[in-house]
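In the two assemblies presented below, subunit A is common to both, partnered first by subunit B and then by subunit C.
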Partner chain A sequence: MTAWALSSPAVLLVLVVAITPSLILLYQAFRTPDGAAFTLEHFERLFNSRIAGQAFWRTLRVSLITTLLTIAGGYPLAMLIARSRERAAALMLGIVVFPLMVSVVVRAFGWIVILGPSGIVNQILPGIGLITEPLALVQNEIGIIIGETQLLLPYMVLSLLAVLRNVDPHLEEASLSLGANPLRTFFAVTLPVSIPGLLSGVLLVFSLAITAFATPQILGGARSPMLTTLLYRNVFSTYDWAAAAAIAILLALLAIGFVTLQRLAGRLWEKSHG
Partner chain B sequence: MTDMTSPAGTGPAFAVEMRDVSKVFGETTVLDRISFDIRPGEFVTFLGPSGCGKTTSLRILAGFEQATSGDVRINGQSVSDMPPWHRDIGIVFQSYALFPYMTARDNVGFGLKMRRVPKAEMAKRVEEALKLVGLSGLGDRYPRQLSGGQRQRVALARALVIKPQLLLLDEPLSNLDAKLRNEMRYELKRIQRESGITTVFVTHDQEEAFSLSDRIVLMSKGEIKQAGTSREIWEKPRTGFVADFIGVDNLLPGAVEKDGDELVVRISPSVTLKTEICDFAPGSAVLVAVRAKDVILNPVADETATGLNVFAGNIIDVEYRGERCACRVRCEGIDQTLVALVASSHVPSGAVTLSFASDAVMVLTDDR
Partner chain C sequence: MADIRPKSAKAEMLLWSFGRVLFGAIGCLWLLFLVAPLVIVVAVSFTSANYLMFPPPGLSLQWYAEVMQLSWFRSSLISSFLIAAVSTAIAVVLGVLAARALSKRSFPGHMLMEYLVLSPLLLPGVVMGFALFNVLVLLHMEALGLPNLIVAHTMITLPFVVRSVWSTMAGSDASLEEAAHSLGATPLKAFRHVVLPTAMPGIVAGAILAFTFSFNDVTVSIFLASREAGTLPVELMADLEYSANAAPAAISSLMIVLMLLLFMAVVRLGGLKAFVNH
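Then we have the complex of A and B:
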C-alpha cells in the first residue's frame, strides 16, 4: 500500500502528461470531424496521399541510412576510446558527447553554414576545381542524413562503448596471435561480442531518427518532408488535426514495429550466445 | 654476436634471441637493455614481482608491443616489424580469453580456420588437441559451461593446435585454486614435454617457476637480475634482490672490512661476520644473506659466546611452518632480528645462542 501511496505523484504525472494526450490523439484519429462517429477516413486519406507516402518511405530510408552511418562511424570511435588510457579516453568521450549540449536547432543552422549553396563546402570544392556546379547538400535528404548522423552518433558511441569497455582486451589479442589480421579479428571477435551494445544503439538511433523534427525541418526543407515535419505542417499550416493524429499513430506503429524487431534480434542472439 | 646460427642444416641454435631490448613508456623505462637466448624446446620462466617487465617482455615476443630499441629474433628471423598475426605464436592468458560465443571445439579450431586448413584435417587436429589436454567429449560445450580448469585446457589446446614456433603463457595458473593449480602445473609440464614446443612462462610465483622451468629469468625493475636453472638460482643467488625474492630470511646490510688477511663484513658497530667468499673490495656496502636453515640455534644461553658468527640472544617470536618452526631471535648488537629454524617438536624459548658457519654467509650487492 505504501508503495502505491509513495508512487502516486509519479503515476498522476504520467497519467496527465502521457496517457491523456495519447488517448485524445487516438480519439481524434478515429472520429469524424464533427466527433460523432468512428471512422477510418483519416487513415484512408493518409494512404491515398502521395506526399504522405513519400514522407513515410523517406522517413524509413533516412532513418535506416542514418543508423548504418552511425554504426560505421561509431565502431571505430568506441573501439578507440575503449582502448585508450584513462585520460585520453575521458577527453575523447567529452568531445563525442559535447554536441549533445548544443541545441539541435543551432547545430542544424551550423550545417547550413557548412553545406548550404554558398556554404564553406560549396566555396572550397569549386575553388580547387573538383566541381563546377554547387552541390545540393541541404534542402534535401542528403542534408537530413548528414545532420541526423552527426546528431545521433554520440548515442551509438555510448551504447557500443558500454559493451566494449567490459570486453576482455585479451580476446582480440588471442585472435591476432592465432593468425587473424585486425579486420578479421573485428568481424570474428569484436563484432559478435558487442552485439548487445549494437542492438541498443540501433534502437536508440533509429527511434530518435524517425522522431527527429528540427533537423529535417531545417535541413530538409519543404520539398523533402518526413513524417514529423508533415505532421507539423498538418497541425500549424492546414489545421488538419485529424490527419496529424493519424500520422502520429503511424509513427508510433513504426516505432513499435522496430522495437519488436530489435527485441527479437536480441532474443535470438541470447539464444545462440547466451 | 648477432649471428648465432649453428652449422648448416640444424636450424638456428636459439628459438628466441633478445638483444639489448628496451621498452620506454613516456618517461618510464619498463625494460632496460634485456639480452637473453632461449634454446629450442626449452621451458623458460620470466619471474619477478609485478612491474618488473616480465609481461612487457612477453608482449614484445607476441608482437603486441614494439621494443623501443634492440632486436628480437624468433628461429633466427628478426620479428621487429612482423605483426602478431604473422608470428605463429600461441598464447595462453591469465583470463584464458576464450571466445564466449564459440564452443570449445570452435575455439580450438579458430587458428586453423584462419590458416584455411581443410575441414577434414581441421576436425582431426582439433580432436587431437582436445585429447592432448584431456577434454575429449567436451568439444560442444561453451566456455561458460566449463570449469576454470577446463577453460584453461581449452585455451592451451587452442594455442597448441596451430603448432606454434613459440608458446607464451601469461600467468595461466593464477586464476585457479591451489589444488587445481598443482594439478595443472603437472599437466602443463607434461603437455609441453610431449609437444616439445619452446615455451615462455610468465609468473610472479616462485614455486611455480622453480617446479616448471628448465631455466628461470629473474627480473626486477626492467633488468635481468639472474638467469639460470632453478637449482642455480636457489643455491647461488647472485644479488640481494634475488636472495630476498627467493625467501632468504636473514638479510643484513653491512660494509666490507679488512681484518688481518681476511675480509669480514661489519653489520653493526660491535658485530662483524666472517665469510668464506667475498668478491668485494674493503669499504663496499653489501648485503649479507644467511638462510634460516643454516642458522644453528643452541637452546643453552652462553653469555661468554664471543667467537665470530656466534651470538647470544633471546627468542621473541615463534612462527609455525609445519615440520619446522621459525624462531625470531634478538641478538646483542644487531639491529635486525635473526631467524633460525628448529624442529617443531622441540621449540625452545628464552635465552639462546645462535651460530652459523662462515660458508653460510653470502655476501651480495644490495639491489633490493
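Then we have the complex of A and C:
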C-alpha cells in the first residue's frame, strides 16, 4: 500500500501523459473520419499506398544493414576494450559512450559536413583524382545507414562488452596454444560465449534503428522517407492524421515486439545458464 | 634462450601477432568513425570562410561571435535550459519516490508498477510526440509551448531517474534503514538521513542523464515546440535546411562542450557504470 502511495505521483504522470494519449491515438487509428464507427480503412490505405510500402521496406532494409554494420564494428571494438589494460580500456569506453550524450542533430550535421555534396569527402576525392562527379552520400539510404550506424554502434559495443568481459582470456590462449588459429579460436571460443550479448545487442539496435527519427530526417531527406519521417510528414505536411495514427500503431507494435523479444531472450538465457 | 619450437609454430606466432595488430587497427578505425562527426564539426566551426569548406582557409572565432547575435539561438538556448532544468527537478522528486517504492521487495503489483513507470521508454519518440500533440490539439492546448514541453520532458526523463536511483537503492544495505527504525527514527527521518545519502550518487547521475536527455531531445519536442518555445535541437535542425555557413557548426560545438562537461561529471560520480548497466 505505501509503495503505491510513494509512487503515485510518477504513476499518475505516466498514466495521464503517456498511457492515455497513446490509447486515444490507438482509438483514433481504428475510427472512421467522422468518428462514428470502427474501421480498418486507415490500415488498408496504408498497406495499399506505394509511398508507405516503400517507407516500410526502406525502414527494414536500412535497419538490417545498420545492425549488421554495428556487429562488424561491435566485435573488434568490444574485444579491443575487453583485452586492454584498465586505463586504455576506460579511455576507449569513454570514446564509445560519449557520443551517446551528444544530440543526434549535431551528429547528423557532422555527417553532412563530411559526406554532403560540398563535404569533405567530395572535396578530397576529386582533388586526388579518384572521382570526377561528386558522390551522392546524403539525401539517400547511404547517408541514413552511415548516420544510424554511428548512432547505434555504442549500444552494440556495450551489449557485447557485457558478455566478453566474462570470457576467460586463458580459454582463448589455451585454444591458440593447442593449435587452433585465431579465426577458429574466435568461432569456437569467443563467439559462443558472446551469443547472449550479441542477441540483445541485435534486438536493441534493430528496434532503435526502426524508430530513429532525426537521423533519417536530416540525412535521408524528403526523397527517402522512413516510417518515422513519413509519420511526421503526414502530421505536418499532408495533414493525413489518420494515416499518421496507423503508422504510429505499426511503429509501436514493432518497438514493443522487439523489447518483449529482448526480455524473453534474456530470461531464457538466464534459465538455461543461470 | 634457444627456441625449441618448430619453424611452423614460429610462423604461426608471427601471423598471430600480425593478426592482433590488424585487429587493434580495425578497432581504432571504428573508434575514429564514432568520433569523426564530432571532431569535424568542432574543426569547421573555427573557419574564417563564409561557407562550409574543408580544410578551413584560415582560423577565426567569427562564427561564435555571429551565433551570439542570433535571436533564435539565444531564445531557444534559454528555453532548452529552462525546460531541461524544471523537468529534471520534477522527474527527480517523482523518480526518487518511485524508486523507493520499487526497492521495497514484495508487494502486490510490483511488476505492474515497474512496467508503468518505465513505459515511456517503450514507445518510440515519434509515437509519443504525435500522441501528445494529438491530445493537445483535441484540448485546444497546442499553443502552450513551454508548459507542454516541461510536462512531456518530465515524463520521458522519469525512467532514467528511476533506473539510476533504483539501482543504487537496490545495492544499498536495507539493514541500515531497519537499524534507524529500531533506534526510534521516524520513517521520514530514516529516509532523509539514511536512505537519501546512500542513494545520492544514483540521484545525481540520474539527474544528469535526465537533463541530457531532455536538453537533446528532438523527436518528442518537434511535435510540441511552438514558435515562442522552440528548443535548441529543434531550431538547429530547422536551421540546417537553410544555412550553408558555419553557424550550425559553432552552435553544435557549444553543445558538444556542454555535454563533455556533463559527461565528465557522470564519469566522476560513478564511472562509466551508469551507461554500461543500461
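Things worth noting here:
Everything that follows uses one rule, which is that the second predicted complex is superposed on the first by the 255 of 274 C-alpha atoms of A that agree within 3 Å, B and C clash if a C-alpha of one lies under 4 Å from a C-alpha of the other, contacts with A are read in each partner's own complex, and residues count from 1 in each chain.
As a convention for this text, a contact is a pair of C-beta atoms (placed from the backbone, for glycine too) under 8 Å apart; a residue touches a chain by one contact, two chains touch by 3 or more.
What you see is a predicted model; the values in this text were computed from it and never measured.
When subunit B and subunit C are set side by side, the one touching more residues of subunit A is C.
Legend: residue contacts after superposition of the two complexes on their common chain; A:G35 is shown touching neither subunit B nor subunit C. Of the two partner chains placed around the shared chain by superposition, subunit B is the only one that A:P192 touches, whereas subunit C remains out of contact. In the superposition on chain A, contact of A:H170 is made with subunit B only, not with subunit C. After overlaying the two complexes on the shared chain, residue contacts for A:G129 are found with neither subunit B nor subunit C. The residues of subunit A shared by its contacts with subunit B and with subunit C are 176, 181-182. Only residues 12, 15-16, 19-20, 23-24, 26-28, 30-31, 33-38, 40-41, 44, 51-54, 93-95, 97-98, 100-102, 104, 107, 109-110, 113, 116-117, 119-120, 122-128, 130-135, 138, 151-152, 154-155, 158, 162, 212, 215-216, 218-219, 222-223, 233, 236-237, 240, 244, 248-249, 252, 255-256, 259-260, 262-263, 267, 271-272, 275-276, 278 of subunit C touch subunit A when the two sit together in their complex. Listed in rising order, the residues of subunit B touching subunit A in the complex are 62-64, 83-91, 93, 95, 97, 99-101, 110-111, 114-115, 142, 144, 158-159, 162.
Looking at the complex, you find that subunit A touches subunit B at residues 168, 170-171, 173-182, 184-185, 188-189, 192-193, 272-274.
Those residues of subunit A whose C-beta lies close enough to touch subunit C in the complex are 1-7, 9-11, 13-15, 17-22, 24-25, 28, 73, 76-77, 79-81, 90, 92-114, 118-120, 123-124, 149-150, 153-154, 158, 161-162, 176, 181-182, 210-211, 213-214, 217-218, 228, 231-232, 235, 241, 244-245, 248, 251-252, 255-256, 259.
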